[in-house]
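One chain, chain A, links the two complexes that follow: it is found with chain B in the first and with chain C in the second.
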Partner chain A sequence: MVALLSRLSPVGVQVVLSEASEEPLSVARIPQDLLNRGEHLSFASSGGTVNRESAFRIAASLRNIASQYGFPSESDTQQRGAFDRDASIALAQMEELLSGEALRDDVWACLTTVMAPDVVAWRFPSPSPERFHGGVRNAFQRLWVRGVTLDRGEGNERRWELLGCLKEDAMVQIFERPAIAANAPLARAIAEAWLLVKGRFSKGLRELIFRTAIKMIRLRNEIVDLSALEEDGLQCEVLRVFGNAEEWVEKEL
Partner chain B sequence: MRRTTAFPFLVLPDSLVRTGGWMIGERGSPLAPVADILEGWDYQCDLELNVEIEVDFQGAADALEIPSEELRLEAVLKVGTGSGTMPRRIEILDRVVLNSGRAEAKLEATLDSSNLSGRLLIECGIVLGKPAGNAGGISPRWQASRLWSERRDVLIEDGGASRFPIESVSFKRSFPGAPFVAAPWYIDWQPGMWRLDFGGSVRLYVNSDFPGVGERVVEGDPLTLQAILADVMRQMISLAVTSADCDEMLEDLGEGSVGHQVRNWMDLAFPGQSASSIASLAEHRPGRFSAAILSAAEVSMDP
Partner chain C sequence: MTRLRLFSEPFAKTGNIAGEGFRRLLGRPSLGLLQTVIRESLQNTLDATEGKLGPSVVLRLRSLNSEELGSLRSCVLPELPPASASVAALEESLGRNGLRVLEICDFGTSGLGGPVSADSPLVDGEAPDFVNFIRNVGAARDTPHGGGTYGYGKTSLYAMSRCSTIVVDSVTRHMERPSRRFIACHLGDAFDSSGGIGESKRFTGRHWWGVTDGVDGVDPLEGSEAGCLAESLGMVRRSEEELGTSVMIVDPALTSEDPQQSINELIETLLWNFWPRMTRSTPLDRRLTVRLELEGEEIQVPDPEEYPPLDLFSEALDDLRSGSGDTTEVQCLRPRTHLGRIAIRKGVCGVRDPSCIRESSVVPDQCSHIALVRPVELVVKYVEGEPFADSRFEWAGVFRCSDESDVEEAFASAEPPAHDDWIPDNLPKGHPKTWVRVALRKIHELAKDFAMPVGERATHGEVGPPLARAAAKLGRILDRASGAGPGRSPGGRGGGSTGKTGGPRLSKPVFERLESGGNGETLAFFRVNLSNAVDGRQKILVAEPHLVADGGTTTTSGLSPDYQPVVRGMRMPGHDVAADGGVLRVTDVDGEVEIAVSIPPEAAVGLRVWIDSDRAA
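For the complex of A and B:
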């Protein structure tokens, strides 16, 4: 049975943010009136069981992970990166998020804006509204997508290795490109290939080579349906593109 | 096929590919042609879909400048789900090899609805199954080269006709100690939430401890549904008409909202009457008031 999670409309996000704009966001500052009235909040009309506690449990779990890296005190880049990795792993395995509910922007808007805005404000000091609205930049939604996409599967000894091999810029290159992000085997193949080849590039060139490769993959995918390739063929294709990207960068420099 | 991409190789013109209709429906039920909106979907309603495809194979070989005996095509059925211009998740759910001996196929899939969200983007595509040795100069040469595609976008939530939200639960477990623990049903809603989406704000709990009620709801027993619907209508109309500015308030609410639904019910049960006259009827002739609503509830269930 699908756990139906609370949803917050885009207008609801705006209302909360506008009412909480003066000071750093915290759970205490979220207008309780909004929650009490239920205004802008809803659940799916049918098809599962409404569980009002689920969202609180998810938020508590995220808060607990954040506290391991300095929350609520200030954090450094390394701590925030570690939070991202651990939170991605946790979110990807949460039973409540193993359904179509997790594909909904309004579900994530509720989690970030109502349930754990304090964690968002800790992870992104002075966060922009897009960290609260549902979508690819939502503070937690982005982590969930990374987790479920880069998961090598239960039983794999290095199940979450891919989460650690990609820097933030590389994650953004993959997961903010809808055609790539929607194709989990392709996104995973890119991460797997990068893990294999990044060692042969100098650190100063890695970001440029990765960005170039992603552009090439996106263009290739326009004319060749990469999702239609078998796993081995897809891996070869992505590796070939990284080779081309390396050549191109070396030539340009 | 969408022509937003300038392909650097020959592709299939639409005239060479025939699709025999896109069909979709609840698993185990007769399928219907795919429409822009799929009514009645929820996470528990698994779906089946199929599309028949037929290629003029000799025509395709000529168009791609590949000898027909060497031409290998592959038909793929992809399904995407999740909101946005591009679905959040896209998967290939069926694929069939096409060659000179088999130029037609039925692509089909069963969809686990618990993994769906908001919409379905269904795409039927033809790609190059295998590079040919004797292809022309501008023939497709890469495996999985995109040669043709057609798609349908189907809304499954957030805009389809609202359904009455129903949940079957044990009242003894879910509402222990509540005074309504032995009631056959309970309608959960909060007064004053007139602006909210009806489907997301009003929920009918059917008591699974109460023998037979859940079954009657599922089977669509007319009297049971009439009694339940009348109960919802009575609760909401009774409260709405006591608001000082009821008529103005309900007029101002958009389609799909609780208030809009209440307004429709008031018009159905008490045509032409103002909120104040309905309130007066409820106060002075409660029997007639209730019977009018019961009657309207029966009308509401007519197809």
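For the complex of A and C:
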């Protein structure tokens, strides 16, 4: 049975954020206050069973992962990167998020704004509102998308390797470009290709080559429906573009 | 069970409006009949809303069973009007087995209150809803910032019925006491009749079935008997507390005999016209809740957020409501007046709901529209703009006019009776007319230009759909992915100019063909039309290609020079005018200009063409 998760409307996010603007986000105050009022919070009217505990469980799990990397104390870039990786893996496997509920922006808005705003504030010191609103930049939704997209599948010995191989800049290049993010096989093919070729480049060149390749792929995607290619064909095509990008960047420098 | 009595309205000595004239009051709405009926009915519902919660509406499409049909024939319409055309239409409808009815039932509204006779004086604060809906014609709006203005929408209810007949059941409060009212109405043509006493008389063609008022007409059946009669027809049950009105359209003329198709059309009509009042961010006191029933089974109505492209429209409206996000002010400079704001959202084309996958669907496959609304937030119409060249992406916007009373009134007054347009010519000369005209012009401009980011436009008016469509088709052929490319068929869209009235004009570039340009490159040929250019002065035409990514333009920054698209030549066939690059000098010639552009091997290309008047000067 699908567990229906609590949802928070965009207006609700704004209300909470405006109320919280004068004091630090704390887990104790906002949820209780908002839950007591019941405004802007809702559940789907059908399609499963309302489960008020699920969202709290997800939040507790994220808080637990964060605490392994220094939460609630200040964190460094490395710790935050490790949290992103582990949280992506955890979110991608959570039973509560295996349904269509995870595709909804308002579910994620509720998780970030009501259930675990303290974790968001820890992960993003001075977070912008878009980290709380549902969407590609939502603090947890982005991690879930990464986890689900870059999952090599149950039974694979190195199931989550791709999550570790891409730095934050590369993740943003992939997952904040709608034409790529909306195409999971393409996003995965890019990550796989990067894993194969990145060792060939010096650290200084990696970011430049990756950015160039992503731009070339976006251009190519306009004239060839890359999502229509078979897995092998797609992988070859992406590798070929990485080769072109490498050739061009090295020539340019 | 009470049997209703027929009353046919005779012409008064001072004249009346005839049935034909009443039917014509609606004018010629640009919408389909079902759309008009739903829009008008729900608009009235929203205006009549009472209480802290918004209204709820139940739309029911069902067939009457034999008992219900029997009750309709023998108790509600026991006597047919003495007019041959009306008799023929009613007999045909009432003779159908499984006669279908469409019911529009609202709750949380005030019901049809006020006196039941049009000549009864009004008690203080009482709204004459019953007589305005059942008897009068063209009663003016009395709801501040409401959706309706003329009260002609009810005409569409009769037009929807194949026998021009509706049955109305309303629970309301009158003189501070609950009141239930039941009446049936038919709208026929004017006719002459003896009236049963030998003296010939002319009748308007309007007929009502009710209980005699003791003088010369009929009033609605009231009280528990009204409830019994409504229930005998299978109409929704209502307690005295459940204020609202049920209108039953007898034998509706739906576009399809397939009820599922009709339900799909209803869902689409509802959402396409009322989504601003159905989104999750709509305040509760304004939110419209709609249930749909087909033969007694409830049909789920999706939320607008789950019904692309209304998801983008909803986001745009949220931006306007919250004041956050990127919105554009629409202003009139003389007199300086704030006319409203526009918000636009773009995204990947969402998969369309099954209900709008029909040939006649009004929901576009690739949205590029701006919805026009007044502060009451009912969609007046959609302005179609230029879509993204890549049909995997779409955009949707909302223009909401200012809630400042003068401005809102100007837009309301510019609406025709069906409330489906803003027509500035409906207004007398003056500021209101200017406001509506200026707003519409700016909305159209924005709709035309949005798909091409402003920063990428040439200063003298960018024109040019990108080559993405053609390149997409070519790419699909070359790369074994079958099927049609994502682009729309070229051509068909006019417009584009230098932006100066009376000056030279350029049409939008239209892709013509691909050719091998030798040395391995591929050339795309576009055509634009230059007109109004014979004025003795030299014109300089500039063509500039650009790359396309994610449905918009992008630069070659960070890429190899091979990615730079180049204009290889421009010429005017039939004239001795040609140039090798992207600049063509033209003097005293009108006609077609052919432009050849080299395409990078791995990318799609767009083209902008403009007249560079600065350089010409």
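Here is the rule we go by: the second predicted complex is superposed on the first by the 249 of 253 C-alpha atoms of A that agree within 3 Å, B and C clash if a C-alpha of one lies under 4 Å from a C-alpha of the other, contacts with A are read in each partner's own complex, and residues count from 1 in each chain.
Note that in this section a residue touches a chain if its C-beta (ideal position, glycine included) is under 8 Å from a C-beta of that chain, and two chains touch if they have at least 3 such contacts.
Please read all numbers here as calculations on a predicted model, not as lab measurements.
Asks: Both complexes share chain A, so when I overlay them there, do chain B and chain C fit or clash?
Replies: clash
Asks: Using the superposition on chain A described above, determine whether A:Glu161 touches chain B (first), chain C (second), both, or neither.
Replies: So A:Glu161 meets neither chain B nor chain C here.
Asks: Quick check on the superposed pair: does A:Glu130 touch chain B, chain C, both, or neither? Answer first, second, both or neither.
Replies: So A:Glu130 meets neither chain B nor chain C here.
Asks: Touch check for A:Leu103: first (chain B), second (chain C), both, or neither?
Replies: first
Asks: Applying the document's definition of touch, where does A:Pro10 land relative to chain B and chain C: first, second, both, or neither?
Replies: second
Asks: So which one touches more of the residues on chain A, chain B or chain C?
Replies: B
Asks: Pick one for A:Gly48: touches chain B only (first), chain C only (second), both, or neither.
Replies: It touches chain B, and chain C stays clear.
Asks: Between chain B (first) and chain C (second), which, if any, makes contact with A:Thr212: first, second, both or neither?
Replies: Only chain C is touched by A:Thr212; chain B is not.
Asks: From the options 55-63, 91-99, 145-153 or 181-189, pick the one stretch of chain B whose C-alpha atoms clash with chain C.
Replies: Residues of chain B that run into chain C: 145-153.
Asks: Under the contact definition given at the top, report the residues of chain A touching chain B in one complex and chain C in the other.
Replies: 42, 46, 178-179, 182, 222-225, 228-229
Asks: Once bound in the complex, which stretches of chain B touch chain A?
Replies: Residues 5, 7-9, 42-45, 74, 76, 78, 80-92, 95, 113-118, 125, 127, 142-146, 157, 162-167, 169, 190, 192-193, 195-197, 199-201, 203 of chain B touch chain A in their complex.
Asks: Note which residues of chain A are touching chain C in the complex, please.
Replies: Where chain A meets chain C, its residues are 9-11, 14, 42, 46, 106, 129, 177-179, 182, 208, 211-212, 215-216, 218-225, 228-229, 248, 251-252.
Asks: In the complex, go through chain A and note every residue touching chain B.
Replies: Of all residues in chain A, those touching chain B are 1-2, 7, 37-40, 42-50, 99-105, 145, 178-179, 181-184, 222-229, 233.
Asks: Which residues of chain C touch chain A in their complex?
Replies: Counting only chain C, the residues touching chain A are 280-281, 300, 318, 321-322, 324, 347-348, 390, 392-393, 468, 471-472, 474-476, 478-479, 481, 486, 547-551, 554, 558-560, 563, 600, 602-604.
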